[in-house]
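Alright, structures below, take your time with them.
Heads up, the next two complexes both have chain A, just with different partners, chain B and then chain C.
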Partner chain A sequence: MRNRRRSFVVGAVGLAAGLLLTACSSSSDSSSGSDDSAAATGGSFSMAIEKPQALTPTNCYDLYCAQVNRTLFEGLIEFQKSSEGALEPVKTDLAKDITTADDGKTWKIEINPGFSFTNGEAVTAQTFVDTWNYAAYGDNGQQLGFVMGPDQLNIVGYDQVASNKSKKMSGLNVESDSVLTVELEKPMGQSLFYNFLGGPQVLPLPSTAIKDPKAYEKQPIGNGPYKLEAPWTNQGMTVVRNDDFAGEAGNADEIEFKIYADNNALWADLQANELDVASTLPQNALVQAESVLGDRFINDEGGLQYAYYGYPVNDPTFKEKDVRVGLAKAINWDEINDKIYFNTRTTATSFAPDTIPGGGKDVCGDSCVFDGAKAKELIDGAGGVPGGAVLIPQLANETGDVQKAICNQIQTNTGVKCTPQIYKDFGELVGAVTGDKATKGLIYGLGWIADNPTIQNMITANFSSTSPYNDLGYDNPEFDRLLQEGNAATDTATQIEKWQQAEKVIYDDFRAWATQFRNNIGGYSTRVSNVDISPDGIVDLSVVQVNS
Partner chain B sequence: MSDLQVEAQSAQAAGPESRTVAADAWYQLRRNWVFWVSVVLIVGISAIVLFPGLFASEEATTSLTGGCQLEDSLEAPGDKFLLGADQQGCDVYSLSIYSARTSVSVGLLTAIGTTLIGSLLGLLAGFYGGKSDSVLSGVTSIFLGLPFVLGAVVLLSSVDLPDIWGVVFALTLLSWATAFRLVRAKTIEAKGQDYTLAARALGAKDLRIMFRHILPNAIGPSIVVAVISLGIFIGAEATLSYLGLGIQPPNTSWGVMISEAQNAFFTAPWVLMVPAGFLTVTVLAFILLGETVSDALDPKLRK
Partner chain C sequence: MGRFVVRRLLQIIPIFFGVTFLVYFLVSALGSPLDTLSPQQKRNPAYLEYLTEQFNLNDPFIVQYFKYIGNVFTGDLGTTFAGESVTEIVITRMPVTATLAGTALVIELVLGIVIGVVAARRRGKLFDNASLVIALIFIAIPVFVLAFVLQWLFGIKLGWVVPTGISEGWPLSYIVPAFVLAAGSLAYVIRITRQSLLETLNTDFIRTARAKGLPAGTILRRYGLRNSLIPVVVFLGLDIGALMTGAVVTEGIFNVPGIGQQLFTSIKQQEAVVIVGIVTLFVIIFQLLNLLVDVISAALDPRIRYE
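Now for the complex of A and B:
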């Protein structure tokens, strides 16, 4: 999972793998389709994706699989934008009620009757219990079974099942056809529990998926608004509307997912109107995308991904806080965003964008405000950067534009020598800060893609002292305490407040700071309307209309 | 060319006083305007490589001295920047001038390397013949069979070699075979010549025969090939750098500049056109020089 759940989004416009939630962007607030009286339903359109690693939900951890599964499946929770614009987990048509009677230790999930898989099998309480047990069972080798376990849902009996000692988690019980109960090891607040139920990994599987996983993977059978009528291939797949779907039906009759290995080909097809929807664009299209596509260019702020820079704790180069703050203040992110990213990113002042409940605040304050003169003053006041030089990491497959620009600004404003340091891959970069021979003077940089829209998810992996992903070696008991208090809080407001306080601790130490949020970039053809990319990067295809 | 000119030329070639091959070649060359154009270009390029400071200011190529301000990103050619600015706000003209050294160095080092290795091995194989010749010729055939760019890409992406020397190494390894073949053939030819036999009869050792008698007569063609391929190597370096396998930033070469210019080609074509122009002119100059020299040295090719 290590490589999947975070990406090096500092420089790369690279494609994010690892988004674990599927969202419903409900009311699309961009392209309004009110004035076109074109046929609201019917027709077919195409969307570009990259080849998913797998389509079976319990193995689905890339964005493209999540995108396809949004049309094939109906889960218990989906994400909708609240009135403040933040993504919040809400029940789907399938879920009637999800409640707890004992402050989050035991949960009762009641589902609406009438939903069935496209092979006729009904979706019942038993379906979910079977699916989750199947996912957790070690020998089944389902990549996302860990979601049932520690630090995630943490269902009672997970360890027994994961270690193949039992086939059933004792915490999962079927009360009736429509009711199941879930017992957790530790109490969990409603918001967090709902968030965990929003991912594709907990979608229901028909019994045939458990009996013959290989055949199922070729042509998954779901319970959603669309269905797959033929096995999917390396070229893509076509889904057609499921007329028996009990929830809200999709608009188009047919959606074709085209697999592109090369984003430049995608961009060419989009310009030629041969591709209808794209939720990514190649780097070299950014400079001209707006002038070519006009209103059909999507550039939405609030993507659930941040890039950050940090100072490895063990590196004496960054012992002085004034040096750390000074280097940060020497970089003009607004200008980098304008000239290098062509305004497809948003300068960050916290680790959570405003699409996350409690996010979008200015937690960083003055330290994140660009001021070249002050930067030099701080660094000189602290006796300069030991060694007089810093390095900015760059992965071999990146263009290096950003790293160059950052270095140029550090050099211009502070006189500290700065060079991009190229690493072959992600593993080599992590090794450069965590190994015994850690590189001195390296300003570590990585990105994070949210698994779910909570502040907790944005800060835990990179900064919790117990996290295996904490490469900086950040260790502040105060931070850990606040984070844990937030996780345990059952009241959503208290929870968010604790997490915000924990976030503030990172900025007060200034060991790391979020630099930018990645906007969701895409575009669509003249053939379709009502296309919107949700903050998690997924397009709600059910609402897309094909113009007549 | 008209018949009249052909006659005139052959009349000159068979002039009254007899000339050495070199003198004859020089006689031919100085009447060829293409030769002079390429010489002027190469002198210019050499000056740029040796004394870039005469042509541009190094200060404009680094942010340590006030160059490369992001606010100047993609600034069009004009008063502030003669040939425009790149995405980082660096002066494209100055950067191109200061990139020349890397590009030309790679070409020059590779040309020298291939000529040295190829000639030496060719000399040995041709002189001694027998098993060592069979083995070396076999190896040469393998190297000639390797697709040049593909071979370099595979080599550079699988072996971790440092920057400039890595590119030189990869290009040399894949290109020495041509010089080998030329020198080997010439050596075999010269081995049977009277002057070689005479030297041997006088008791000269192998080494003396090889380096004093055979090599001077066999090296000519491979030097011509070296000049032509110098241009080709400069182009190859640009190709590899463009693919991200050649020169690595922060070092810069024309190939690196071209590679970095792609993103903004439609909005700021000068970022690509300027280094591409320098590259084309340089490659062309060396190829033209090589070809005119080759024509002059080989009377058979003379029209």
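Now for the complex of A and C:
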């Protein structure tokens, strides 16, 4: 028998497998400048997604289910672009009032009557309490339960429920059919509280979801502008207009989500006009996307994702700040973005793009400006890099073009030996900087995808000394203090200012720096118009118009 | 013959254990599936605990394996991380792959034998030489190159078919991917048919038939083809296995939601339970097909006997 050897086509996966908790984007409000609030255009169109891990909101951990859930559910908070172009949390049609009487310790949430699930069950205060308790309960295995916990909302009684000791968080109480109260462990500013209520994990679930999660997952029942009429399959799902929806209806009568396992297939369909909306494109299509699609190619700056590099604190290789800054200055990110990413990424100067309130500032300053000669001067002045060599991490599913380019630049500009180091998965990479056998000379790097559009979210998990995900071991009390002060501030302006100061502390220490923001890339067919990808990567499908 | 079949069926039992053990071992050696999650995805300790519990990740490999096998015998093939049952995955995805592989097989069978026979009858002529060249080209082109070229040509440039997916059903959605899948083997079928037929046509009993004055068509159909098809059948039978596994690449490029696509995804995510389930299924199918090939060979050629 002959040997049938076949090669796999492995695309550059990069950050794609991340999560995104914000189920948002500016809905069909007239303030965003579009004047298409006219009558629904009807028709149907299709959109490409990857197969979601799950559709049930409390288990919705990827961009794709967030995208679908935007059509199936109506939550309490959505995000809209402010006049400065930053995303801000605002109440949905479902939320009547969300207020606090005691400076953010206890919150009263009042919902509008008249909303119901498509199976007829009314959405009440009890619905939310049941859903959130269900999400938090450990043995229910809901991936997003942690949002109720200390990382985000921090509801009183979360620990008891997460550890299966109780089924009810004592901080959640039903006052009446339309009012519930939420007691938090620590006071929280309004802006932050609103932001935490913006994700899919806090969307309401009907009681059938809690009774029989397996059956529910096959065909989720929501309370949104569209509904699923049949169970979803490996090929995708079709949502149709929910005529009983009490909020603002979407334009199209029907939206088909097509599941693609491989982005190249999506690109083929888009070129053939067989697919209407795509919010991602394969790496190898970027070079020709603009010439093929023309105006229908989307390349928007300000995506809520950054990539960063950092220097593990316990690695003596990076003890000198001049070495740390020198290595950063030796890399020409503009050139990498241009040559390798075809301008689908933007060089970062802070951890928050300008689509986040208070973001888009040049916090880094001179340290992030490429200057090969200065880089060499700094490193030589500090006595060179101990060991004379550095490593750049590369995950096994990446092509390595970027790592090679970075290493070339470091080596050419500073004379420091640089080699890409391949790790088979995230676990191995994290293990290489944490633990006792940490690799010396490794410039650690990963990405972050915003859970919600706040500076706080962009910097907390990676740099707070109490965060279990602070792989660099970064520990600066000044940073922690400013972050906490920002979190507790009731005034939004003060809050943002504190967070900006915290961000500045990271750059002053120069233990880590954000290298790039990922643009939102996509395209659409000639059959549709008014397609826009929100900074969080989600397309507002309710405003998409089907051309007649 | 009956005893032979029973013996071959019994052989599947040790093969089942061997394969499941080996695959489970190999996948476990890759590391914990939790390692494939990014730090950002690992933020819920309660959820990680739930997964560890659910998939026995804290147990030593051998314990994990026996727990898994124990469940298999109660009919539970396990679930993916997302909670999808492996049994259900196989039930929904297997028919798609089977349709694709079946279509490819028909293409191989019909085109391969027809072209092979014509080439044999016009030995040394233009058609024969052209079919050789084309066959060699198909063998030489990597599958994914052919896939992308045909997808571009028929799906995008000419627009005759939707480039990907199975939304148009059989046969329209399956024809291009099935041809891609079949292309490599098609060339072999052509060559084997041609060669085998030429050999048969040169044997004594054919010459006798000719001498007796039988019409050329009858000689070809009743004596020539029947005897020269045995190696073709053996090849095709074994090729079904290759078609199933080969579908991993083709299903990816044409976005066909079959079992190969699932296998690829699961390998990326190091989900032992799913990989073991699918690979074991492949092996058992392969075994059964092998048996079938042996039985058909015996039916075609009375000289083949099994004890």
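Quick note on the criterion: the second predicted complex is superposed on the first by the 509 of 548 C-alpha atoms of A that agree within 3 Å, B and C clash if a C-alpha of one lies under 4 Å from a C-alpha of the other, contacts with A are read in each partner's own complex, and residues count from 1 in each chain.
FYI, contacts are C-beta pairs under 8 Å (C-beta built on N, C-alpha and C of every residue); 3 or more make two chains touch, one makes a residue touch a chain.
What you are looking at is a predicted structure, and each value in this text was computed from that prediction instead of being measured.
Of the two partner chains placed by the overlay, only chain B lies in contact with A:N332; chain C stays clear of it. Which of chain B and chain C touches more residues of chain A is settled by the count: it is C.
With both structures placed on the common chain, the touch criterion links A:P420 to chain B but leaves chain C unconnected.
In the superposition on chain A, contact of A:A209 is made with neither chain B nor chain C. When the shared chain is aligned, chain B comes close enough to touch A:V287, but chain C does not. When the shared chain is aligned, chain B comes close enough to touch A:Q409, but chain C does not. Once chain A of one complex is fitted onto chain A of the other, the partner contacts of A:A268 are limited to chain C, with no touch recorded for chain B.
Of the two partner chains placed around the shared chain by superposition, chain C is the only one that A:V430 touches, whereas chain B remains out of contact. Residues 1-2, 4, 6-9, 17-19, 51, 53-54, 59, 61, 136, 138-146, 151, 162-163, 214, 217, 233-235, 258-262, 264-266, 268-269, 271-272, 274, 397, 424-428, 430, 446-449, 461, 469, 471 of chain A are the ones that touch chain C when the two sit in their complex.
Residue ranges on chain C touching chain A, taken from their complex, read 30-32, 34-47, 49-51, 54, 81-83, 92-93, 96, 142-144, 148, 151-152, 155-156, 159, 162-167, 184, 188, 238, 242, 245-246, 248-249, 251-255, 257, 261, 264-265, 268, 270. Taken in their complex, chain B has these residues touching chain A: 62-64, 66, 68-71, 73-74, 87-89, 244, 248-250, 260, 262-267. By the touch rule above, chain A contacts chain B in their complex via residues 283-284, 286-288, 332, 335-336, 339-340, 396, 399-401, 404-405, 407-409, 411-412, 415, 417, 419-420, 422.
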